[in-house]
Structures are given as C-alpha cells and as structure tokens.
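What follows is a pair of complexes built around chain A, which joins chain B in one and chain C in the other.
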Partner chain A sequence: MAVHTSQSVAKAAGDDVARGRSRGTGNPPPPGKLRRALSVHWYAWTMVAPVVIVIGVIIGYPLVRGIWLSLTDANERNVARSIGVNDMPATYEFVGLDNYVDALTGGQFLGTLGWTLVWTVSCVAITFCLGMALANILNRRIAGRSAYRMALILPWAIPGFVSVFAWRFLYNEERGLLNKILGGAGIDGIPWLNDPTWAKFSVIAVNVWLGIPFIMVALLGGLQSIPSEQYEAAEMDGATAWQRFRHVTLPGLRPVSTTVVLLSTIWTFNMFPVIFLLTRGGPGESTQILVTQAYKFSFEISPRDFAQSSTWGVLILVLLMLFAVVYRRVLRTQGDNW
Partner chain B sequence: MRRGITATALVAALALAATACGSDDESGGGSKSSGELSGTVTWWDTSNVGSEDKVFKKIAEGFEKKHPKVDVKYVSVPFGDAQNKFKNAAQAGSGAPDVIRSEVAWTPEFADLGYLAPLDGTAALKDQDDFLKQAVASTKYDGKTYAVPQVIDSMGVFYNKKLFKDAGVEPPANIDELKTVSKKIKDKTGKTGLYLRGDDSYYFLSFLYGEGGDLVDASSQTVTVDNAAGAKAFGVVKDLVDSGAAKTDATDGWENMMQSFKNGDVAMMINGPWAVADTLTGKEFSDKANLGISTVPAGSAGQGAPQGGHNLAVYAGSKNLEASYAFVDYMTSVEAQAQTAGELNLLPTRTSAYAKQQAVDSEIVQFFKPVVETAVERPWIPETGSLFAPLNTEYTNVLTGQTTPEKAAKATGDSYRKLLKGWK
Partner chain C sequence: MTTAAPTTSAPATTAEKPATRRPARPPRRRGERSPGASVALHLTLIIASVIAVFPVLWVLLTSLKPANYATTTDFFKETTFENYTNLIRDTEFLTWFGNSVVIAGLTTVLGVFVSATTGYAVSRFRFPGKRGLMWTLLVTQMFPVAVLIVPIYNIMSTMGLINQPAGLVITYLTISVPFCAWMMKGFFDTIPREIDESGQVDGLTPFGTFWRLILPLAKPGLAVTAFYSFITAWGEVAYASAFMVGDENLTLAGGLQKFVNQYGAQWGPMTAASVLIAIPAALVFLFAQKHLVTGMSAGAVKG
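Up next, the complex of A and B:
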C-alpha cells in the first residue's frame, strides 16, 4: 500500500525537483544515496509524516514500552511516581526473559490459554454456523424480511456493556428471568454464573448472541453477490438443495467467510467486555481468558504487577500474529489470492 | 532571555509567597479563622448508595456552612471500585480526589505507595486521645499518621425475627447450631437459613477465626492461612453450602444477599453495621424491630469477627491541602459521628461520641460496641489489602466445588508467600 503511493507521488515530486534544478545555478555535487532518496521522495515523506507520527505515538510507543516492561520486574511499588510532596524514582530492574520463562513453564498461562482456545473456537464456530443459517434464511423473499433483518442486527446496535448487563440480570440465579421461566415449567433453577461449567456455557452463549449480526450481515452481502445463473444452472443439472448449498453457495462465500472468520477469531480471542462484565473471570478463575487475566494482573491485584501483565500482553500479540500467518498460508495453499 | 529572567523571578516570588502562606497555616493550626479556607475539596465517599450516602452527603455539605468560601464536591464511588479507581487516578496524577474514604486495609497500602499526605501536625489531627486505640492502629504507617478513623465496624449475624419465631428457633451460638437452626427454618418455613457471600472472602474471615486460624501472623512473619485451621475453615463453609444450610453466589454477592434478606427469602446473613441502613429499607423490615442481631457463630476454637472500618485520608497531590485537613477533622468530629450513629447506626471511632444520646439510643451501636472491642485485628502492613484477591479466588473455588478445602488453603498460602517476600 504505502509503497504504491510513495512511488506515484515520487514521480510527481521528481518532476518538481527536475524543474527546480533547472532554475538553479552551477552543478551541485553528486548527492549520496540517502540524500538523493530524500530529495526525490521528500514530498511523499512529508505527506505520510503525520500518519507515521500518530501511529508511532498511539501504537508504537505503548507497544515498545509494553515489551520493555515485560523484560523488567516493574510493579506498582517500584515504578516512578510523583504525587505532591512525595517524589519516588523508579527502582525496577531489567530481568531478561525471566517473566516469559515463568509464564510458559507455570500452569496458569497454559491453563488460561487452553480455555481461551476452547472459548475462541466454540464461539467462532457456533456464531459462524448460526450466522450462515440466518443469512441464508433472510436471503429468500419472505414476508417481513427487513423487519427480521433489523431485529437480528439489534444486538450489534446496542452498546456491548448494556447488553452484557442485561444478560447478567437474566442469568441471576434467584431473581433472573431465565430461572423464573424454568421454575414456571417446574424445572430447577440453573446456576448460570455460579457453576464453573455453566458459567463457561453462559459466556459463550452471550458472545454468540453478540457476534451473530456481524457474521450474518457480512455473509448476506456475500450471498447477494453470487450470480443467480449459477443456481439456475445447478438446478437444471438436477442438483438438490443441499448440493446447491455445498457446491455453489459455500464456494461463492469463500472470500467473505475467510475474512470474517479471521476477524471474528481475533476479536473473540480478545473479547474483554463479555467475560469481564459477566463473570469477572469467575467463579474462581474458571472463565478467565488471557486478556482478562492480563488486566487482572495490572489493575485488580495489588501490588499491580505491570511486568507480568505486559508479558501476557506480548504473548497474546505473538499468538495472534502466528495465527494470522498460519491462516494466510493455509488459505494460499488452497488457492486463495491473498 | 530577559523574559526568562522575569519569569524565573516571578516563580521565585510566588514560591516564596506560597511557602510563607504554608508556614502561616501550620503555625495557625486550630486557631485559623474559618473565613480563610477557600477552594474546592473533592471527597470520594464509598458508603452504600441509596441509604448511607444521603446522610454523608448532607454532613459533607455542612462543611460549606462553616467555611463559606470552600466548595465541597461530594462524589459517591462504589466501594468495590474505589480502591482501583483511586490508585489509577493517584498514579496518573490527575483526577484523584482531595479526600478519600479509605477502608482500613487500604490505608497502609496507599501510604506505602506514597499516595497519601502525612497528617501529623496538621489541622486534621486533633485530640487523638479521644479515638479508640484499635481504630487508630490502621492509620499509622512507618511512624507517621496518614488518616483519621471515621467509622469502625465488625460483623454479626443479622436475622429475621419473624422467620425465627415461625420456625421456633433462637439465634445460633455456633456452627452446629447454625446448621440445625437452618434445617428447622427450611422445614418449617421453606426458606433458606443463611446467605453466605461467596464472592467476597471478607465474609469468610469469621469462619477462619472461629477455627483458630488467621491469614498471616505479622509478629513472626508467618503465613498461617494454609495451616490445619485454615483448611478446616474452608471445609466449614463448603459444608454449610453443600448441606443446604447456606446459599451463596459467585457473582453479585452483595446485591443478592441484600435482596434475599430484605425480601425474607433467607432468615440470616452475616454482615456488619454498614448493611443496617440498607436492610431497614426492605419490606420485611418496615417494622425495624423485626431485625435481630447476634454474634457470629463460634467455630470449634471459639468465636471471632474481623475488625474493620473506614478512615479519611488526604491525597498527597491535593491542590488544597489546608481545606482538606480541616474537612477531615470536621467529618470525624464528635457531632458528625453522633449523627451517623443516630441516623445510620454506624459505630463512632471517638470515645466521647459513644456518650452522645444518638449513640446511646441506637441498639445496633450498643450491640456492636463490645463486639468491636473484642474483634480480631488484622496486621496493618501495606500487603493487608492485597491478601483478599488470592483468597477470593480460592474461596469461590471451594464454594463452587472446583477445588478441595486443603488445596485451596495451600494455594492461598502459596500466593501469600509470593506476595510477602521472605515470610515463612
């Protein structure tokens, strides 16, 4: 992307420089490579400078600082702080890769990672299947189609924390609506958020509910771009409904669904609000995913453990980058062009 | 360059003036006339919203009448969030209040982090001898005083007298009686006996003390939560929940506990004076006499409830230290404490406040007064506030059947040793 723009701009800039030089007097000394690059591309660099600076400040600095902190033993009690008359310098030290060794050899990180993977895979798989089903249903001409579409997009339109709190009320064991309904049918109340296994089920259910609109809308767009001639041809050849779905719809949706799955995997892996607002990682630590645990290290325990928290943060980043690379490579071997 | 010199001179002059003012204030002390204090004092109150907060807001704003130039900004912060919120704001250096209602265990921690202003020699500390000794203990850190005790508390069993009468039972004196009482209540009225908060291990302390255990022993620098008594205490609470004598939740514990008790769905809860005002808003307690209070049930080793409370502390980065000191003094005055004792049944921290009519008339204050005197005091080290996070996790794990009492005790002890470097 950036390369393309800079080249095209460079051409224009080059013209400019050429014209400028013709006006100049005498022969300038032959410029060095860097200087020439600068003099040719200065316009491009000036244009991208604001973006580079903003990204550097917003993403680069925290990232570098996070990586640095993960190599130290920084916590709340030894970082620099200056409050009124109290001025305390930083006293944390560089400890190398100790934090990473601790995280990767201890049980906590791997245990949390295990549940995070279960959570991500089940959320994405269920959301994708349901979203696909709903998109197919809503792609037909049925009465009140736009009303259904509106209703199904609703979870997306409500701010996340509002819907998660609403779910928390529904899940309440004594006074929640779900258990009242079950009680009305003569079934014992379910400890939705109080039992570790049920709590896992509950958080996945809420995330599926929240995630369906995105998948549905994206796939609906994909469905509408599949030419109807393909379906007609398949029908002429005597393909059954299932065969049409399997051999026309699915391949036609492929470009959309690969992107959707990648995005929703990354989002679900780091889905902080659902877990944090619904269970705070509880009961105990049973629904704690990597990001909520990292948050707990740096904001909930005391003294706040900035080093361990950033170690987990860096590990999350590495895991997601690995996933994206592998995913892309798998797709490429299957003939996709991105 | 010239401008630079002028600016420096100006700053120096201002600084001189400021120090001059400062020293004036200090020597002025208590005799400072009320008109001189000005500016804004922001106070973060953590009392229960909907019941206690109204009274505290009223008292806090009364400070403006005494000092018309001072603007008191009352901010109600949920108790559960306040510790983190204050730390975030204090560390960032912006957004922190001038005065915070700091729970007793938070005070040494905030002081250790350098977030609090030492109060020795300021207007905030007046007649220190009037304060209860056990209340003052948590305000000292490293030889300095960082807070003034506002309320003191302990825990007891709150019970619904009507339900007890229907079931024909008396308040339980120990764990065994608690179980039989709960069973009778279940048989006779269909209600659950006890609500035990499962998401906050502070409510576990009385069971731990009852078995003769403790979190840590600061004098010998030993972690004691994982000894036999600790494991036994985890077993006691697990048995209470498993046997149906108590019910619990892993989330929304406070809300569920208060609702269940106020609606008469449970007959008992273990709670402290801070819950009284809220309890009395419930439909079961429109007749205040229906609320009974008794001591926490004794365990196999005896009976013990934790001593808690709240202090008022001044943020070290406050822009208005003088007015903040005066505000802290005002909020912990005998009159303010008598008023909260009368209207909210909260326990004063000053001996002389107990002699006031409002305190004498409050049955709850009179009940808790001897309880507080014998309550178990925690060591006031900076880490005391950190001991609950690991305990909460294991406590909930035990109650939800994810681990055994022995393993929970051991895991808690392990995290304590990580926290308290070099302790046995």
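Up next, the complex of A and C:
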C-alpha cells in the first residue's frame, strides 16, 4: 500500500501499518520517536491540518460544551446572559446523569425515538430500492438516456428549502394541486400535512423524493464499474436475468451500497430541514424526530431548555456511533475493509 | 466468445445487465429486447421523471402567473413577469443574492481545495492519526445541526464573525468537507500509484506531484466535490438565519424566511424567488453532472 515520498517514508509506513492496526486511533508515537515521526509524516500532517484545525475548533468545542450542558440543569433562566448593561453569571448546577435518566425512563424520548427509527428505516429502504431500480434501468442502452438522467437528478440540484416549499405548495389542503386533482376525480381532499398519519406519509414521500438522486447516481457509478465479462460468463452458464442480477449485480454493487446506506442512514436520522420546514414536527408532535425535538427544546419552548436539548443531542450521537460501529463490524466479518 | 458478433459493441454488453424479466428467446441478440419491454422501461422512466421534475416545474409555472392567481390549477394564466419585477424592485433580493454567491463561492473553492489535500493525504500516506481522522470525518456528519448551533454561535461571536461571510463559510466547511474528503479519498484510491512514483522519479516534490499530476486526473472527483460544496452552502437555512442579521447581510435562505413574514403567505413573490434561487444551483449542476456518475462511483462509494 504505502509508497512514498522517500525511502524513509516507505519504511515508516511499514511500521505504521502495524501500529494502526493495534492501536486503532493512531496515538502519537512515544516522545523519542517524535522527531523522526515529524520528519517522516510532516507532509501528510500538513495536508490534513486545515481540516483537523477547523473541525477541532468548530465541532470539538461545541461537542464538549454540549456534553457538559447535558450534565447540568441549564436553561434560559440560569445561563450566563446580559440584560441591558448587567451581566448575569451562570447559576446552573451540575446534576450528574439525571437528564439521561429522565430521558430514558420518560415516554417522550422513547416515543420520538420509535418514530425516528420508522422514519429512518422506511426512508432509507424505499429510497434505496427505487434508486436501485432506476439506476439499473438507466444503465441499459435506451433512447434518451441522458435526458432521463438529467430529469431524475434534478431534485438534487434544487436547494432543499426551495423544493420543500414546492411540496408544501402542492400539499396545501384547500388549494394545493394534489387535492384539486383528487377533487377532479371525485375523491375527497386528503389532509396531507394536517392529519398525524398522512403527515407521516407525506414527510417520508418528500424525503424519498429528495434522496433518490444521490443513491441513484452512486449506484449508477457502481454498475458501470462491474466488468461486463462477469455478465457474459453468467449468461454462458445459463443464468437467468434474475440470477444475473442476484449473483453478479448485487455483489458487484456491494462496496458502493454499504457506504451509501451508511451515509443515508446518518443523514436521514438527522434530517432536520425536511421535517422542520414541512410540518415543524406537527400536527401535535406526530412527525417530530429526535433532532427537531432537540431543536425545539433549545429554541421554541419557554424557558428554553438547553440541558434537555443537549442530552437529546448526545443521545443521538451515541446512537449513531453505535450504529456505525456495529455496521462496520458486521461488514468486516464479511470481509470488507475500510 | 460466442457473443462477439460484430454488432455487439461494449456498450451493448453493459446495457444488457439488469435483465429483462423473461427468458431470452434464442433469436434475440445480446442487448436487444422486445418492443414490450422497451415500452415498459420508457414508461417507468417517464413516470419517474415527471414525479422528479413536476414540483419544481409547478413552482416555475406559478411564478409566471399574476400573484392573485397563484393557486389556480391552470398551467398558464395571463403569463407575466410581474412577480419577478416586484421582487427585484421592492426587496433586497439582489443584495441577498450577491451575499449568497460570495459565501457559496468561497465555500466551494476552499472546500474543494481542503478536501482534495485531505483526501490525497489519507489515500496515499500512512501516518499516525489516519484511522482517527477517517472516523472523525464520519462522526462529524452525525452531529445534529440543532445541537451545535448555539455553541457555534457563541464561538463565532467571540471571534467577531457574526454577520461576517467568513463565519458562515467556516461553518459550511465543517458540513461539506467531511463528506467531500471521504469522497476524494475514494477517488484518489482509483488513480494508480505508479503515477505518483513517476512524478518522484522526475524530481517533483510531493506537493508538486499532487498539484501537477494527480489533480488534473481527478477532475471528475473535483467536479462532484465542488457541486456538493456549492449546494450545501447555497441551500442551508438554519445557520444562515441564525448567524446573519440585518437586511443587507442576509443570504438567500435567510432572506426568504424574512420575506415570508413580510408578505404573509403570498405564493406569487415566493415562487419567483424560489425560481431565481434554483437557477444558479441548476447551472452548477449542469456543469458538474457530466462528471457526476464517474466521480461518485470512484468516490463516495468505495469509502
């Protein structure tokens, strides 16, 4: 694997393979080796430095502060603030894990989590299946292929808040186009965003609409990297169309699919704009996912409850990390490696 | 191979792939299908395309109707550009537009550069902290925006970056770079290492190799990265409306929110604004889409 810059790099790279494996997150080498490590790795470190610094400052600090707040009873009334010319010091206190106990034993968190899981699983599953179907169709020789491809990728090219606005416009109960069409066919209008069940259906539909282009494009790329010899060989062995899909296409798409599913799951779980701009979590709290609820705690309720919000944020993070670790472990036992 | 008849070119072979769900009849050559299957495929694609395009198209059509007819279902009704002229004359729309162009442009340029160097380092070198970095890039995408927004606001105001384009650009970089760097890493992995080696043989520095040899080869990947960075910055709402205040500092996303309040639920001007906002994004997309498939396949993808 590791080539590079000079012989010493190549040698050190060899060491590194072993170190990387055994220690996981690549701890800094012991002090004696520091100088040598610097002279070998300075180039790589310089290249990644901007990212590390920006992420460290802009993500690291808020994370640490978020975790700290989740261990306190901070809310709008007791954090440091200034009223006129007076600066009020913070008076919130450390409360240990109380917030976590409350969240995990109360019904609200678990209820929201349940819907968030339904939302994530159904969005990712539906998007993936439709994206897979469209990618397979688009990968064939078919007239007007590039025109179709352009049209199908369009939802990705439009800023999210614009397309969510477009959907609200269509969903509008009295005057939206969807209900007018239904009315024309003699069907009663559907309360797309005003009935808890329909609202759930509607937000999922919009998110699927938004998510298909990404999956489709990624899978299309994956399809094009499958060598056609494999199909020829399968065909010569008398494989049916379905068998070719099952035993050549699907395994060939594996590396693409695993990454795409991981990313989609993370993004969907935290899909703030769709829910927030479409329903604001309503009607009632029926479409509230964890992120929008956490946002609500720190921005929309009074007094703004920063501790609760942070607690939910940390729990979201923990859940997603657990998911990523398990997902990776499962993949690794199946022989993938990244 | 029996299939190597002169008519069977390479594209035909790939086109065969996913398979018509019927037993192939002997006389039909590879890559051919019955008229029925063709019709079914076209029908599927047409329906899917209509669903994909229609909401956007509908907004466009609505913006061309007089404001008081906005909710009619006719496709065209007294076509007029008055929504657009009102929008540009009566609001700060052009200022917001300029702000957005500056912010999205900076985010794109910096984002592409930073993710390319990071992706290259992670792809080519083994160095202490590499695995940690890869994990950080993944984990960073898991942070709920809603939870970060208050602390980031505090940092920005400490650094005096509230109401400054730089503040938003830095914030957007934290959103776009992790994914882009991941994607670029996958992309660089597909470029043969022999090219790097030949660069060294010819006496290029490591950075020279990267800049002169690898980057030009990575254009598809860079196009995708640019597209993603631009779209992220162009369409972001939450940070934009929290960090930028005062009419002349708003970006389009923030401006549009204000605009809703100002005019109530008037669809006419809103749709006109939406169309104008979507156009630059669509242009960037047009420019990038040629590379999108190749870029993504090599990138996102292999992780």
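A few comments on the model shown:
In this text, the second predicted complex is superposed on the first by the 283 of 338 C-alpha atoms of A that agree within 3 Å, B and C clash if a C-alpha of one lies under 4 Å from a C-alpha of the other, contacts with A are read in each partner's own complex, and residues count from 1 in each chain.
Assume a residue touches a chain if its C-beta (ideal position, glycine included) is under 8 Å from a C-beta of that chain, and two chains touch if they have at least 3 such contacts.
Because the structure is predicted, anything quoted here is derived from the model rather than measured.
Once the two complexes are laid over each other on the shared chain, residue contacts for A:193 go to chain B alone; chain C is not touched.
By the touch criterion stated above, A:175 is placed in contact with chain B and with chain C alike. After overlaying the two complexes on the shared chain, residue contacts for A:306 are found with chain C alone; chain B is out of touch.
When the two complexes are overlaid on their common chain A, residue A:232 makes contact with chain C while staying clear of chain B. Judged by the touch definition given at the top, the superposed model places A:279 against chain B, while chain C stays out of reach. Between chain B and chain C, more residues of chain A are touched by C. In the superposition on chain A, A:76 makes contact with chain B only, not with chain C. Note: residues 172, 175, 299 of chain A belong to the chain B contact set and to the chain C contact set alike, using the contact criterion stated above. Interface residues of chain C facing chain A in the complex, by the touch rule stated above, are 1-3, 10-24, 30-31, 38, 41-42, 44-45, 48-49, 51-53, 55-56, 58-59, 62, 71, 73, 114-115, 117-118, 120-122, 124-152, 155, 170-171, 173-174, 177-179, 181, 193, 196-197, 200, 206-207, 231, 234-235, 237-238, 253, 256, 267, 270-271, 274, 277-278, 281-282, 284-285, 289, 292-298, 300-303.
Those residues of chain A lying in contact with chain C across their complex are 1-5, 9, 13, 16-17, 19-20, 24-29, 37, 40-41, 43-45, 47-48, 50-52, 54-55, 57-59, 61-63, 65-66, 133-134, 136-144, 148-163, 165-167, 169-170, 172, 175-177, 180-181, 209, 212-213, 217-218, 220-226, 228, 231-232, 235-236, 240-242, 244-245, 249, 255-256, 258-260, 263, 266-267, 270, 272-273, 276-277, 290-292, 294-295, 298-299, 306, 309-310, 312-313, 316-317, 320-321, 324, 338.
Across the interface of their complex, chain B is touched by residues 76-77, 79, 81-86, 88, 168, 172-175, 193-196, 199, 278-280, 282-286, 299-304 of chain A.
Taken together, the chain B residues at the contact with chain A in this complex read 83-84, 87-88, 90-91, 93, 109, 112-115, 117, 198-199, 248-252, 256, 259-260, 265, 315-318, 321, 385-386, 389-390, 393-394, 396-397, 399-403.
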